[in-house]
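Next come two complexes built around chain A: one with chain B, the other with chain C.
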Partner chain A sequence: MTKRVSRRDFLKLTAGATVVTGLAPSVRRMVLEPYVQPPEEVLPGEATWYASTCRLCPAGCGIIVRVINGRAKKIEGNPHHPLNQGKLCARGQAGLQILYNPDRLKNAVLQSGGRGSLKFEPLYWSEALDILVDKLETLSNPNRVAFLGGLMPSHLYKLTTRFLSSFGSSSPIIYDLHSALEGRNSTVQLSESLFGSPELPIYDLANAEVIFSFGANFLETWMSPVSQSHAFGTMRQGQLGGRGFLVHFEPRLSATAASADEWIPIKPGAEGYVALAIGRIILEERLGQASSHRPYSILYQNVDVQEMADASQIPVEVLHRFARIFADADQAIAIPGGGLAGQHNGGTSMLAVQALNLLSAQIGRVGGVFLSQPGPTAGFRQNPNPGSFENLSILIERMKSGEIDLLLIYGTNPVFELPTSAGFAEAIASVPYVISFSQFVDETAARADLILPDHTYLESWGYEVPAPGAAKPAVSSQQPVVRPLYDTRSTGDVLLAVAERLGGQVANALPWSDEVDFLQELATELHGSSLGAYDAKTPSSFWALWRQYGGWWTEKEIPREPDISTIVQEPIPVSEPVFDGEENSYPYHLHPYPSITLSDGRGANLPWLQGAPDPMTTVCWGTWVELNPETASSLGVSEDDVVRVISPHGELEAPVVIYPGIRPDVVAIPVGQGHEQFGRFAEQRGSNPIALVASITDPETGSLAWGATRVRIEPTGRKKSLARLESLAGEGRESIG
Partner chain B sequence: MAEIEPRWVLIVDLDRCTGCQACVVACQAENNVPTVGEHETIEGRWLHWIHIERYWEGEYPNIKARFMPVMCQQCTAAPCEPVCPVFATYHTPEGLNAQIYNRCIGTRFCGSACPYKTRTYNWLRPEFPEPLHEQLNPDVTVRSRGLIEKCTFCVQRIRRIEIEAHAQGREPVDGEIQPACVQTCPPDALVFGDLNDPSSRVSQLATSHRSFKLLGELGTDPGVIYLKGGETNV
Partner chain C sequence: MKRFWLIGLFILVVVGVIAGVILTRVQVYAAPEQPIAYSHQVHVEAGIQCLFCHPSPLKSPLAGIPSVQKCMGCHNVIDTDNPEIQQVASYYESGEPIPWIRVNLQPDFVYFNHQPHLGAGLNCETCHGDVGQMDVTRQTVKMDMGWCLDCHINQSDEKVGRLADCLACHK
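Right after this comes the complex of A and B.
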């Protein structure tokens, strides 16, 4: 049957076709699988939910995103996800402002005015790839390229590692400040030496009767704060007939300490002494289950309780009380946290704390310490474990001595995140060509020649094995919930395109047409496992369910007991903390701590997080210096007085907050502000205390001892009002008149 | 429809609350609450429908800090209601204190009358530099300069679930309706539900010996019930 097409109909048709072409996705055409399958008659303006993975920190929580008319409107926790169980933290809630940030890069750019000029010239992606291929092809030796990564989606880490090894270069170096502040690298090393497994332990907080947290801010930023907070709620009010007891050891009363039953203002670096003394007392007095002590008595051979009490300034009676509390509990856990890892004696202190769990036989018991069970997800577990600061220092040295011709940077901002004394800013200047994959012009991207912006996480593919994981083996999947807003490109696809252009071995090692192809191949490895919470008949229906549910996890909990059979029986060394800066000229310990909202500074460009007050001081939009009331009066300063904090490596100025929950010999400053670049909401706001830190490392672990710098304080005589929700005069909220 | 109107109640378990600010950001995202910036905050002109107050107790080293999330208490005898000259503050049959934005003329009488200081005033026109306006929730009005705004118990989320449930010919089940703060709260410190339903979780928690109402002596009879921290329920 033929039909005459009128002129009017023809115009309608072409107009429609133009609209369709205009809306064609710039990523691979895929059917997006919504979290809830909408009925056929779905109305425009009705919300659709897509499941994906949060990328604001390395925890890997599951999210669902409310999308209306192709625009993401709200992020919530994925209620089915075994890790966060529908919950999300402040940072996870703020993720939309990464997607809709007005300061995002909209396309690939060349810094045409020279590094630091901030004069950018837009590039077509084909031109940008030409430059990258040319830089790789003209290297005199494949070892002259280095890849520095931070928070990377696991599939990208895999692709990058394959790319680099087939090219003949060494693996990516992973380092970021968030991981350094939570002691990720030291924790992994400790697990490897104790349990023979390089991973992050899971502490069963929900079922614990007593928790001794040594510098572990597990309700703020440490490791997996959402799942740990959820467990904390259960520990408080969800246990049958009981309420857990939490003791927190830290020089400053953090938000985690505020939720504790007891806070012990411990001397920086003395945490290990307390743990050793408690262990020794439990042994000597045969407290708790004495039968489980025998194999570990040798660990405490060198410990003298009185010496430990003197060194930690905690009376012997108090140590005895703690020993009894810990040993008498049926389920007691000791957690070695990030605050320990940031000391010069961090490795030995963490060992001393973890040993308490051995002594009380809490390894692999309910309310104790577990490892995550890989189950069939073992093939996915090539998570990028952050390297040590020492590793990174080697790269910095190589950069300085001209051994690196091309530096690629993804997901980390070392110019901001490393102490000034580490010399990264000077080192990057000696590298002939620097390429960044950042979505924003941060301090490091500002020193790059070429920026190839990746999509934001809400526009991207990927997956993540949560670490520390949940009781159920799980993989969180990531999918675009909206079409990319701008002409950005996935770094995975950039690498695959470059591999194809390079040809030979590299092209053979990376045969996938795009990253989705690679992901689909990987994800469907789980198809057919009988342990899964859902079942699919074919690999392609598995791939659809994988995206619909936001990952894969098992139906049942599969606990995994750490293997303690190989523990070397030798006395735990007692190692004294070392600090940078003479005590006479620098009388205070500098205690930088991650902000619960801005984390290590990566959240500073999101106005919701800038405007969310710090829970302890109620300050927002700035940096402050916390001083004990006694310290403040000895310096003659009061609230809002600007002081200069000086270390042997730098100085900063910020207003004072009189903080009743801090040791008089400690000065605390939150990390996160002090960006020179990073968009309108972050720039020229507050100061970065990490800049003051000495580049000393823990000799055991090679981690940066970010808590081992001493400072002095000078009043400036100036005042600057801080933006606080609380009124200093105790009046109503608004100033009158 | 049910025979008795629901009485929406929010339980705040202070023993679980960790002060983490997740509710604060979730509320801003859900309700299009603008961020006002550093200068306005210094002037005390911050806009948060929910904020976490922190109280110090004792002196170093025997010191404790306690958190208390505070939002509109949805009082039964609400001091904010009778003072409004234009009836912009209004009591719904479900016991909610509603704010009718297009009636509000910005006298701020209600803000002065509120003993909890949870009503916030828009001193300036809210700004959402492009494309940040894309984050706005289409279910919630963006308030302009000169208006008072406050927590609504996420009335749009209550209505969304009610409409969905009624379309399916049933009543919403306990726990199905969750304001944004309740939905996200990591330690489950916030619980929302119907106090007129004796089997609901809030009805059970409200009978706890730990329960109290904020400034209860004022006789405002709030719809927010706090559970005291530091002790067990048994």
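Right after this comes the complex of A and C.
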């Protein structure tokens, strides 16, 4: 029954309500809760700052967290930390919303309604561990368990590897999209083949006079953006009397490209050609320090400058100008970035770029290329280097053919992060039992039978060796800044408890009572080193300082020159990029790029990051398709028109942003949105361009060529307005939403 | 006739407002009901100093309220048969904080700091009244801005500029 209220009655009611409200007591009742057991040295109302490590991306910046009355309130950069020196990026700031996220799992759960049902039944931890132990004990062969990891704290990687090897299984397979977009795996392989050392090089940007960045978004997400931005600031403030010179090669104007002195909208896959041509010209014309050229002339034997100019669509005169700029500078660096690694010819292009540093003798010189010096921290550096896509494909095949009975997943979300064509979703369905350690129900955890949620990073212990490192040998430590909010449990402790129950070899390999015991033993190895920024009288006071400082680092910088004595002198191959999709039916290159806020999608459940506008387009809370004005008019679409982007492997729909900063033959879409699961802020918002990507790999490195897919575009005739602060057409501020 | 109604309505509103003001005042000074019948008087008469239980006004913005652990420090042995004390013990055992109701409250836009007030030589009872005589704790002064300023503007010339500044309390 509905009762209609007349206007007169409504007014009477309103007047009555106002009088009654006015009479209500104006005193608020407020509950004042004391500590049950106060933490030591806590002064009510005064902030305590705890030092720890940011875990929003693999860089490993040092953080300090302001805690009042047991609640974490604000994250800042650790001013003493040699990597980020007190600075922090937007993602690092937003970490608080992981801790307080309303969609966190609050205890161990069993997906009782079957996989994908999202019907969860809470479990006591003892029951959950029983299941895990039972699954491990009943395996017919230890090789039938696989551990798939993403961004893992180093101590957990160490414990997991020990656990698996003593159990007789193979090491964890590490793969995540963020690392793939940065080209971590290809970069490590390149360093190994050139310098004999499988690690990420450090580019001394602060002291460089000229930087040629080939697809390296070093001010946004690539490698260690906070420390690189800091170094870039130093370079710009003219250490050497000038303001430095940055040339950025990328098909799209990224925020890094926008900070450059020159942006070259390079044809996708042609970056290597430019580097080869520049090298060849330097040699031919004996530019710069000609004395250092001789050993490298053989590298450029196969290069024809005119051919390179034609292939890259960059005129010979421009290439000559770049060669001169690069060779004439006292300190010039060329950086092979993630954009290169995502091409079918990525390995050779990256080699061509790194060769420029050899040619200009910039390896191991101020303003050049270094490796990070482990010093006394060598024992900590069993760092999980992300594996190649090819490695992961082997696991996917094994899963499909029924060779895996138990899959354990930590810190990665392959169902979302891998191209649909990689077939992970089908493969996981053929694994009899899947256990996830995720704190959230993401796309992969939704396909698990059991979820054993780890604490968030602000509630947990650990350490990380920053990679790429800083100029000082460093280890960042991680400690809980607040007590765990819920009944979650650290995965390290879960492994140790399981090892104890399994007994025998596994228990012997993991003798620690908990992870803190393990960490304390490891950290105090550094006690007594004369190189440290601090030292303590006893191991236990060292452990206190380790937590107080947020890690350990040396007092002075200790540079490490890469060893180039073993470089094989052979011509650099000129390899053509290969693309998936016929040019006639798929005329555009798809350029997926990591979002500066959501990165590879792991930030999509944090509203602060969703609401932070993209620096170039000012769009927030959604996915958009960037089209050159020329392309847009040829398709007959305008701003906010929804288009369908179709690749041979899938399609998505999103509104158009007309963007002059992109090549007409390229379509750019940011990565990060399009989650089906992952909490209320991420779900059913935007689309995931990675789903469209072909699973082709670079034959040199085995990395996913995520930039080598062609697409076509169809207008849908619909419009959907994006939430953005400003339009690029100069229309000034517009409303959000 | 209409006029009669209007006067009637006017009187009603005036009475309502006056009643509201009185009720609010009564509410301010009324002692809120606490989860445990705690008596300050008993504790003060036993010789316990304010700063024993509220330890931080000399070094922090807040005076602090005692942790449940602190209560149990004495009540492990003292008056353990009292049902109210048993209630305190049960909070402690279950690890739950006691949900005390705040008696003295400043709104969110006021940044009050105990430390400088004690530093200036004020006693607890200047603002909180003679809590030692209260069986049930209640507010004795309405801590509004006029009351704060009564004191802040009656200071020496070199202090008054700083103390009467808006930003002294509204940051």
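One rule holds for everything that comes next: the second predicted complex is superposed on the first by the 681 of 737 C-alpha atoms of A that agree within 3 Å, B and C clash if a C-alpha of one lies under 4 Å from a C-alpha of the other, contacts with A are read in each partner's own complex, and residues count from 1 in each chain.
As a working rule, a contact is a pair of C-beta atoms (placed from the backbone, for glycine too) under 8 Å apart; a residue touches a chain by one contact, two chains touch by 3 or more.
Nothing here was measured: the structure is a model prediction, and the numbers come from that model.
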item: Touched partner set for A:253, first chain B, second chain C, both or neither; value: first
item: First (chain B), second (chain C), both or neither touched by A:31; value: second
item: Comparing the two partners chain B and chain C, which touches a greater set of residues in chain A; value: B
item: Which superposed partner A:568 touches (first chain B, second chain C, both, neither); value: neither
item: Partner chain in contact with A:45 - chain B first, chain C second, else both or neither; value: both
item: Contacts of A:94 with chain B and chain C, given as first, second, both or neither; value: first
item: Touching both chain C and chain B, counted on chain A across the two superposed complexes; value: 45
item: In the complex, chain C residues that touch chain A; value: 13, 16-17, 19-20, 23-24, 27-28, 32, 56, 59-70, 91-92, 95-102, 105
item: Interface residues, chain B side, partner chain A - complex; value: 13, 15-22, 24-26, 28-30, 35-39, 41-46, 48, 51-54, 56, 59-61, 63-67, 117, 121, 129-138, 180, 183-189, 230-234
item: List of chain A residues in touch with chain B within their complex; value: 45, 68, 71-77, 84, 86-94, 96-97, 100-102, 219-220, 225-226, 229-230, 232-234, 236-238, 241-243, 253, 255-256, 258-259, 261, 263, 265, 485, 596-597, 607-613, 615-616, 618, 620-622, 628-630, 660-662, 664, 680, 685, 721-727, 732-735
item: Chain A residues within the chain C interface of the complex; value: 19, 22-23, 25-38, 43-46
